[in-house]
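Some structures to go through are shown next.
One chain, subunit A, appears in both complexes that follow, with subunit B as partner in the first and subunit C in the second.
Here is the complex of A and B:
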């Protein structure tokens, strides 16, 4: 009998139950059925139970007070942090003075000549134009301040990153220890780094530089390690077969072979440093970022734009020049060129000094703040609301807030806290592994423990809304670009520019268009995350195995069938990566949106900094870290670790 | 007799390389050591890439290790200079124990005595051809001008003059491998190790490069260990061939022995399609000459291939004399030659010449190959290595274009 019933049983099991996702969900449902009633009985209510909250503000305030009291007397500060702080201040000051000493003509000439050497005449002209525009906008001094801060921060980041990368590239144990740390650092919003640095160093240039270094060093470390590890095995074997010592192998083979990755690391470090150097104006970085920050605080779009344009120009120039250096072949005609370059720069600088034209001439500036503000006023009057048929931008923002953001936030806050945890666990487990699910749930629970459940859900609602919009727009654009060569060619330069711009800059146009509030923050986040999502989608669809596509075509599949049945399934890893990147990028900007009325966690950080209430800020910062961790893990595909390249 | 009695350049004895956890226990335990690969993996999680391999590489010979992918040949050659650390066994280079060498000594071995040429060239993409070639010398600490001078000489020797300032990315595959070869030659090593150097190249380029290796060997007489998966390449280049399967050497012998008397069915299957007349020499096919035959008919050398003899016999219509140093040692007629081509040679075992052990082994094959396989299997890894090297000229002849008809000597 048994032999007969066994197959019969197997037939009765519905097909969907064999699916692994269903197994995961069933296991989770089982766990929930046991745990939820217990949790509900102990701590009823929808919001995170008070009994499970640890109030950190008292101890944090005490720590912060202690640090402030002892900053000038305790040996830890006198002999360690004090020296670091002084060194940073001195080097930034030194670089700043050198830049001023070169004069505007000298700096422009130096920039253009360097660009010429590494990237050719076109970029040299571009660099010169960019610098002159900075002067023309009357932003020469702030630009130099930002540049000085950047130079010091980038040098330190590269040194720290390269050393860490070297260690991770040469030692497996070091690599295993560092990799998760670097991975996590890369998904955290820039704002999360500000408060711990301020806690130790106080508001000012040292804190700004150090926050920048902490933010910008990870890509250098990751790419250095990647380059050292990715070297052609046979080349290394050949080098060893010739009897090279470990040092010879490193210096003559591994490092030169990793050149491309090293320069890419430099490029990424510079871009991240610029992004952070601008944001660090919130903690006393000064320079261009400070101008934008001040202007945004008084909703002076014209002034913000005046300082924002140099930031964008700086970003584009730095990105293009360093990227071109990475593509170059490394010809050995450098040395002669270097001397010529130095000589030319010195000549221009001396000339500038002799003619007494070191500072940018007052009369050469072009005030764009006024016209811009007039334009914004006109927009406020004519475009904000009451435009026939389409409505106005402010109306859109208001509608978005009432119809999307509010219901979403209220819905999240209405959900019982344990169901939020369950949702997080289910999503993370379905997309990734039980490990990522566990991390995600723990991170989410930590938010509750920190006592910032409500504002975190507010931030989360903004993130979800922004991610949804980003993915819809991004996938649509990405699919269109993948299918249409011409559209992609048109899109590429736009994406290039958008991807190089620091996060901060995105706030300026959205404030001009939508005013302040949560909707502009979401809009800025969408604009910021869109290019990456579009790019990853397009690349993923393009890289689908041509043979598979061809065979589908040869079977007579229509364009839509090819897309649905071949391209999208095969590009699944890329699409998941796009989601992951989109979430991480959106979170970063939604947090910064606290500066333009986004409220929630970002506002807590800003408020903590502005009021000197570091405890509130630190708790919010920790919640941001947890939220970032949670969102990254929820969207982290199971196989990402294996193939995670650049 | 042409037996070379010098100490071998490389002497390998009972060599094992096992990958996996606690690899040492596998060679040490006779029971584990005799397990087939799949069972060994399921029981211990280990993979034996090289199993109990022994051979000698003699001075001046081209020793070919041939086998399909996964047979352990590349691992074997890397064990010679400990690029891969062997698990058990001994390796001696000029009588010195390689496994006992400390780091400095080992580096010395790699720098001066054995240089390797790699399948995918292993060139440094950021250096010019000249600096790539000079790299080995740079590692040794030779001064810039001297190493460049020496590199330039070697670059000329491998036919790359005029390309010194290019980078590897600007060269074709064949040219890149010439750079790889030049880099190995530049350090003037005692032995050249080739790890499937030409398998990444197009067939025509591969033939050019094989000629190049033959030419270099003829000019310099350097000892070479050559790894390949290509039987024709092995037969063309090798003075002796070790045929590997699943980490073991299944047969070791001259090309003629491998083709003429395969040790087992695997080898026989392997060599089935080899044009035998181009590998076998007339030695195998000749019989004792009668008085009248010794006086006339075309003359061929004992080392001439059967195909050359066929040409001579076909032209004259009479049996050809096999002449060694002016003395007629036997004759070959069309029947005997056809027998070789067909693989059914009833070889005369009693020819009175200095028949080598190899010839006898070949002779033993005869119609039924059982005896021959037994002999060669017994020879297994080591005994067959005792077979003397045939005259140096003979293997080289195989590399040459076909001889002109009616030639008096098979050797150039």
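Here is the complex of A and C:
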């Protein structure tokens, strides 16, 4: 099925577009004809010319040394960063102490009651079960550490995001200034945010919290601004005619009207914060992520799963509860309910304290690590290699590496550098506008200037391979789901769960199945990006005008013809969006794949963190930013801007 | 509203103190919760280090009544974390002269904690079954001759020299370059991945060349023979780019945060005295890595059967 989709896309480009495409290509060819001979004469060879690189490692090393030497004496650190770091430590500690003071029963009761207030009894039971499972797995204290970090990070992100969003929502100039920044931040992999904060704050919780805030604040800002701008004009006019001041208008009309967007922003911020809080274990964030990180370092799948399950449970519960809050159930009796809730929590907490059961009792834990590891051992013995006919998972991984990843990487690295730039320009211009093409080319050139051309192409080859697999699987599944109502109903809860899981969790099963190397990194990326691609494809195909389909059917088109000639062409914008999203999501995970032997840029970041060699890490981080920018712009449809945030 | 905000701001200023805030003196927010005395130990990713930490943790918790947090930090960042007091102690350091100079001698934020009692050595190893068939492989000058045998999918036409975690002390890239060897350094990504690979090679009796170190429990499972590199001389590894000599024999050291060393009471005294032998460490490591006991169970077994050794650490 999926093999049909690709040519169908190309064939059915509308006529006028075809002309424009030809013009664009001609213009590019002209530019190339002038520039390439010059470039080639000056800097022959295939890889990026040395003459055009800037070695940043010396100045960066000096900066990093200076910071370490002056961290305890320079006023900038003593009076500014020191206070920030101190405030973070104090607040995380305060939340952590409150959580520990409530005891496991108190926290579970509080969680369940809050879920009941905002989302009804079913989610309350789910929340309680989730918390109890965390305890049962022996992960109570790490879960509380992650939760404490999350609470502080989310509050800070919401404050920062809401302020920025307010500014952008009220002032057009702020909006114009902020939008490109927020757009860009949204496409950058989480890993790229880690190094700059480590440089200033060192390894530890403050750096982890701040990286999380930077990562999680943009969706809040974006949706706040969107909500404020989207307010019904007539309502606003009515309020104004009643003589309300600007501030009254904001507080009584615009913010309440934007409630839905604000809560959606909160939901997204929480999910992104969780995702980042877990990854931040690489820079000493502690908690559940640290347990996963420790377990991955020793390829102890059982231990990784023990810490991974609480992360998944937290993610699902937080997502459902905040999403339910956004739909606005349980609106009435707010104050009385709140008091009752506080009273009930206090009662449970006091009860826990009186019975001396604040810590999760050690005898109540269930060790799943050993049986899981035994299962994994069995799998490596029996499924890993030498399975008759189909081969083992390790064989697949090896074949994928030799037959797909290696040729792709070698091919990219064999291409002369200027032809890579030309390719990027051509693709970006065909899909988007000259502006996106220019950004893409500049980003790609910046990678060369930074002197990491080769590893970046290695990463790029992994991204391309993963995207190809993702699109084939995603489009096939999406088409099937769009055509079959029952299949879609079965698929939806699965996609929901997969979309809420933090990126880090995906590394666990792939290591168990494929060992270490580039293939598992690609596999994790595919699994991570698949749900979004499937969902967007399904929605795109569903939204195709019913009348167009009906007329095709009346002309006697078969199911396949309808799909090929009506649905897919009409759903083209949605499909392009799916590609764009797929690319961005894949890149994020391929980078994290550096932790499981993915090599290239992700490895450089891990290496930089591991060796305290921030120069290597920062250069790689910058290259990741450029690569993300390039990939996003290349796949950015010309009309995305209008659709974004919808 | 405004009054409340001002009050809150004032409170925040009071809370953080109007003066300087030295972020190098800020401990982990998770330390010492609820009045429990907490010690935070840095645990590195290799099993020997896990064994040290497991036993120290067991004794701190069960004999001295501390709560122990462990954090996985890589070797070099661990020095920074130790200096900032986010970690209280590193129990096994393989020699980082640059960091030692900066933090111990210049800034005095880290104090030496004495020997661990174990001597470490890094080197290049081939499996003994291969060395017996080709005895001359144990001299680096003959390595190029065997390069085709060590070739893999990841090493791109050259022989593969397998390294483990990027965070470990290694000069291998420079060594390969400066000794002009026809080899490619391939990082397995983590020690565990490297061990998995070695065991798979050994199962099929394939040749391989790997970065490895002693003491290590794997030698008991896969016997390996060291390849002689140009001998180590004091200072020959001073410039990391120009290294052309093998690795030294390093007495492994402990380091404590300077404040913790002063005020850490019995925990600090105990960690200073903590000293055992290579055999002891290997015994615990084997239980963790090969018999798949949890570090805590392994530590309990060792502690139960070696009371005279650890009693001395508490006196």
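In this text, the second predicted complex is superposed on the first by the 624 of 646 C-alpha atoms of A that agree within 3 Å, B and C clash if a C-alpha of one lies under 4 Å from a C-alpha of the other, contacts with A are read in each partner's own complex, and residues count from 1 in each chain.
What we mean here is this: a residue touches a chain if its C-beta (ideal position, glycine included) is under 8 Å from a C-beta of that chain, and two chains touch if they have at least 3 such contacts.
Since the model is a prediction, treat every value here as computed from it, not as a measurement.
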Put the two structures on top of each other at subunit A: do subunit B and subunit C fit, or clash?
fit
Can A:597 be said to touch subunit B (first), subunit C (second), both, or neither?
second
Applying the touch criterion given at the start, work out whether A:259 contacts subunit B, subunit C, both or neither, answering first, second, both or neither.
first
Comparing subunit C with subunit B, which touches more residues belonging to subunit A?
C
Looking at A:352, would you say it contacts subunit B, subunit C, both, or neither? Reply first, second, both or neither.
neither
Does subunit B (first) or subunit C (second) touch A:502, or do both, or does neither?
neither
Is A:234 touching the first partner subunit B, the second partner subunit C, both, or neither of them?
first
Quick one: classify A:398 as touching subunit B (first), subunit C (second), both or neither.
second
In the superposed arrangement, which partner chain does A:82 touch: subunit B (first), subunit C (second), both, or neither?
second
Using the superposition on chain A described above, determine whether A:531 touches subunit B (first), subunit C (second), both, or neither.
neither
Least CA distance subunit B-subunit C after superposition, rounded to whole Å?
19
From the superposed pair, tell me which subunit A residues show up as contacts to subunit B and also as contacts to subunit C.
none
Note which residues of subunit A are touching subunit C in the complex, please.
68-69, 71-72, 75, 77-79, 81-83, 85-90, 92-93, 96-97, 100-101, 145, 148, 201-206, 281, 284, 286, 290, 293-294, 296-300, 367, 369-370, 373, 398, 401-402, 406, 515-517, 594-599, 603, 606-607, 609-613
Considering only the defined contacts, which subunit B positions touch subunit A in the complex?
78, 81, 83, 107-112, 115-116, 118-127, 135-136, 138-140, 167, 180, 183, 187, 193
Which of the residues in subunit C end up touching subunit A in this complex?
12, 15-16, 20-30, 33-34, 43, 45, 47, 69, 71-77, 79-81, 84, 86, 102, 107, 109, 153-154, 165-167, 187-193, 196, 292, 294
Touch list for subunit A against partner subunit B, complex
232, 234-235, 237-245, 248, 252-253, 256-257, 259, 329-330
